[in-house]
Amino acid sequence: MHALQLDGPRLDTLRPVRLDDPAPGHGEILLRMRAVSLNYLDHAVAIGSYGSSSGPGAVTYPLIPVADGAGEVVALGAGVDSLAVGDRVAVHPKVSWPSGRASAAKAAPMRGVNRPGSLRELAAVSADSVVKAPAHLGWEQIATLPIAATTAWNGLVAADIGPGHTVVVLGTGGVSIFALQLAKARGARVIVTSSSDEKLARARALGADFVHNYRRDPAWDVAVREMTGGLGANLVVENAGAETFSRSLSSARHGGTVFVVGFLTGTAAQVDLLAIIGKALRVVGNNTGSTQDLADACTAIAAQRIEPAIDRTFALADLREAYGQMARGAHFGKLAVTLDWPRS
Amino acid sequence: MHALQLDGPRLDTLRPVRLDDPAPGHGEILLRMRAVSLNYLDHAVAIGSYGSSSGPGAVTYPLIPVADGAGEVVALGAGVDSLAVGDRVAVHPKVSWPSGRASAAKAAPMRGVNRPGSLRELAAVSADSVVKAPAHLGWEQIATLPIAATTAWNGLVAADIGPGHTVVVLGTGGVSIFALQLAKARGARVIVTSSSDEKLARARALGADFVHNYRRDPAWDVAVREMTGGLGANLVVENAGAETFSRSLSSARHGGTVFVVGFLTGTAAQVDLLAIIGKALRVVGNNTGSTQDLADACTAIAAQRIEPAIDRTFALADLREAYGQMARGAHFGKLAVTLDWPRS
Amino acid sequence: MHALQLDGPRLDTLRPVRLDDPAPGHGEILLRMRAVSLNYLDHAVAIGSYGSSSGPGAVTYPLIPVADGAGEVVALGAGVDSLAVGDRVAVHPKVSWPSGRASAAKAAPMRGVNRPGSLRELAAVSADSVVKAPAHLGWEQIATLPIAATTAWNGLVAADIGPGHTVVVLGTGGVSIFALQLAKARGARVIVTSSSDEKLARARALGADFVHNYRRDPAWDVAVREMTGGLGANLVVENAGAETFSRSLSSARHGGTVFVVGFLTGTAAQVDLLAIIGKALRVVGNNTGSTQDLADACTAIAAQRIEPAIDRTFALADLREAYGQMARGAHFGKLAVTLDWPRS
Amino acid sequence: MHALQLDGPRLDTLRPVRLDDPAPGHGEILLRMRAVSLNYLDHAVAIGSYGSSSGPGAVTYPLIPVADGAGEVVALGAGVDSLAVGDRVAVHPKVSWPSGRASAAKAAPMRGVNRPGSLRELAAVSADSVVKAPAHLGWEQIATLPIAATTAWNGLVAADIGPGHTVVVLGTGGVSIFALQLAKARGARVIVTSSSDEKLARARALGADFVHNYRRDPAWDVAVREMTGGLGANLVVENAGAETFSRSLSSARHGGTVFVVGFLTGTAAQVDLLAIIGKALRVVGNNTGSTQDLADACTAIAAQRIEPAIDRTFALADLREAYGQMARGAHFGKLAVTLDWPRS
């Protein structure tokens, strides 16, 4: 079968390879992979800047890259009765975390990081590491779900978000837009920040109740408090990092949650412990989640017929351009890649 | 009646005053105050370094100081049927927070900060702001309970601590020693850090499973990971502040909780967001808790016959010395003051 | 002031009385009562069939009846800063349960049962036993909220209902219709049962996804399982009683919740323990809830601009007719009464 | 290898068989089985009275019986790094429920019911369906853990039992004695009921705070309320069934939990809905739990060095006698069987 392999921590080592077709073992299914989506971590893996260089969660090269994927079930291994041939599934990158609370052993093994990722024609994966896709979604949309929708969903669950609550999402990347859509599905009000009025207009079209351009007015935390009658937000999905962290604490209400999932702007933040104590805040770190969490997000997405926002879908031939666009971080929602392998 | 009053943010403004005897209103009880305990915040209030200078939680002078107290019910206001004359109660400083989740409105009004505190002969207080004391405790021990036991208990609840879990407490102050005792009552293992071998020996006598002298070996976080087979602690009660915060994150296990309650060593901490994300930590701020939380702590204290550790009990005449000892922070457990008012 | 008084457990003892105007004490507000709504318990109180005849929750006669009410703040007692003159509030019948978990002491004292109810011109009530009303509601709508909306909301919270979940409500009374509306606000699917196609059509108009006429087909539990792909419902709001209880258990999914709030059809039910064990069901009893719970429901109602369904609004002169209609139980949503006292 | 096989729903069909030695597949380990314990369900399976006769959880014959077991790891399949050869493990009967919340798909597949049970020399099982045993336990003690300790632990978790809480256990069978020991480990008070003073004395020796002989005084619910100052119990572990269910409801406090796990005395109970509503009780059904739940129980058992109570250990030759004793139900704690296979 076709696959793409990263030989080391440089994107220019990415090259096509031919591998033996896999066969599904006990409890596994064989998938024909149809699409992938890129996350920021895929770019970090490709340039050698992902996480620690050792330990159970470290990247191992050579590697079939890309964590998220969508595939069609083409064969069932022994003992699999929860899926059928023809089912369309989202492939969850956490291979050893079917459900239950987090642990290092569950969080570390991850497709596209230290286990074969989604850039391959066929994959034999554990049946409990995939989720049947909502019926209204196409392949590329299914491929957007695993990391971003799971992360966004877990933020809403961690803060028990419901009608009348206020959620702040920073920027308009994949996690932010899913958090916007899923928060609306739970009845909440959503505030979106961005440096682009055009993106804010698109966020409004997806249901954002308030938007704030932080280029025009950097004090988005003050704006959030004003929009909430002085109270602040119940939940801030903090996927930006060191530059925004103080404002995230400042924009949360008494007893509110700052859900920390990203660090695009750095990892070494200043924190005012007095803000955390005085407002009894909860700062909750998150590292994707379980296959069950993805299934719960999909249940909501199917029930509310949520359409994942894809900024652009690339052909496989344009994969490097997709990585480049991910690196620039200027997209709205997700970047997807169709797995249109060359005839051979 | 006798009382002591702080006229401004300097301890030397503290002076005796005579006030009219209060009468209990609807839903209130009249208490003869018998003892108080000091918390670090009382010292901060007395020297003008407590919290913000404005806003609903700010200190107001002149003020009858000291948050925690113990008193005897001497009269019941109308509509009070949950208490009887003669009952011995712990007086909770949060006057408007009987139960339920935190809010700014519930957290801000506080005896000894912006409401009359415990250094008075008589007090008319709401019946739902006191808790009947465990029968085995004396007046000074009862007075140690409100802030320290409530805070320690809420940390254990926030992390759902039970048998087989590991709790780290930093130092041997009031919150730390209650956290040690209550964690043992819930079946957990406890690690205590201190700069004094003598205090560590006393912690051991109270049930600590492991102790660590951070003067001899500053890397207590490494030690905690070693003591827990590499996993780290389920809960770190972070009552120290900026100097220890990074090690607190480092000593917690995947999915663990850092419960932030104090800032003796400063409030501006550096935080590594990657640690919070990678280990899916929960950093939970806390600001005492409700009267119901104190009642829950007292239920545990009564059931397990826990003896609050009092480093020293002062006579009222030695109150300034008590403040001074609190400022030095070298005590083990709590500092109490008997309310032995002068004959007049 | 005007009031109505029930002298004993018979509706024909209900008579107008004149009472001294009350004055608000510390922590209280003075309300001009503007409307009430009837609940089934009000009818039971009026005919002497409510609960036990002794104990802390028993009815005490003579009594100003009716639990739920809406009023306008006309004066503030000392120490009240959370409300202002002119505020419109829903009056919660649980006078001693501002927030926090249930206890006998919190649940027993109740307006219209053993504390003065809402059928009076003026009421001095504790500020923490009322909730500021959503701005889009009229007096009669506000009066429908306390028992029914709080109960419905607590059912959804107990089962953690969100997008993709299925909720079953039995019949179209007040709790059922609020449960329908609030479940939709949380993104859930709702199934409504009734014996009337006309009421089912109205439920559909309010957002019900599926309806079932149990007169035509008594096996509504089988229908629920079919509508949910064989899984059953996440939550059944069981406000009917003994006749439906077995089918409620049967219609719930593995791990589902049966929220037990009413017993119109009797209290002595047969239960198959095997169903509870085999499907790991949770049968959760509920007795209204706290003022905070009502406030949470109101937050959702305000945010989603939910319009309470009022079957009919009565003039005070037609109060007996209102009781009669409540007794027949054929209404859709709530029955309200405008407090249009006679000129005197 | 040796095994025992039940050819149909009669104990006299149980016979020795020889089977091919299994090999561990991907994610599996090979175990040498060393001991089993009997649960009431094993007896029901052996006489054809277990659960429904169809559906995913039904018994399938021929069957290697007995759900619980203990084994030694003798080989690792591919991809297993959480265990090592030589590890001693408790074998959890729920083969498809590693962690997370219950579902029909997770609960139904069960060793000794519709999957091969523990009465065999060797077993290849999924690594995530076993738990490393506490170091202080012998083989027979390890074999007592899966169903009984998991069930007892989940009851304590469901009711969030801690210091000062009161737990009632009915009788002195396996679940009851583990509930007693684990409740004590969490700091709770425990009341044990039995018809035998001798068993009650043994329960006292294991830490029971109060005991009640219901033969002498059938009204054990009244006694529980008296022992708890009129409040009732926080948790009743209801493993008896229809005969005791009403008293279980009656003995629980406001907001308390009745954890329903057994039905020795029948499944068709009368229930007073008014008790459930009036006291806001939670009746929680339970069907063992996940492997993670067993691991959590083992963490507590290891930390507190709890010794499982074994009434009698049988040789394999006396297996029928063990079944007989299980049927009589007069044992204290658990019945274990050593797997001393005949030389061949």
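Observations on the model:
By letter and in written order, the chains are A, B, C and D; residue numbering begins at 1 in each of them.
Following the convention adopted for this analysis, contacts are C-beta pairs under 8 Å (C-beta built on N, C-alpha and C of every residue); 3 or more make two chains touch, one makes a residue touch a chain.
Everything numeric in this text was worked out from a predicted model, so none of it was measured.
By number of C-beta pairs in contact, B-D leads over the other of B-D and B-C.
With centres set at the average Cα position, the gap from subunit B to subunit C is 40 Å.
In subunit B, the positions touching at least two other chains are 101. Viewed as a network of touching protein chains, the structure reduces to a complete graph with every chain in contact with every other. Across the complex, subunit A meets subunit B through its residues 51, 57, 101-104, 107, 231, 241-242, 245, 253-255, 260-263, 266-287. Residues 25-28, 82, 98-101, 105, 126, 290, 292 of subunit D touch subunit A in their complex.
The touching residues of subunit C, when paired with subunit A in their complex, are 162-165, 182, 185-189, 296, 299-300, 302-304.
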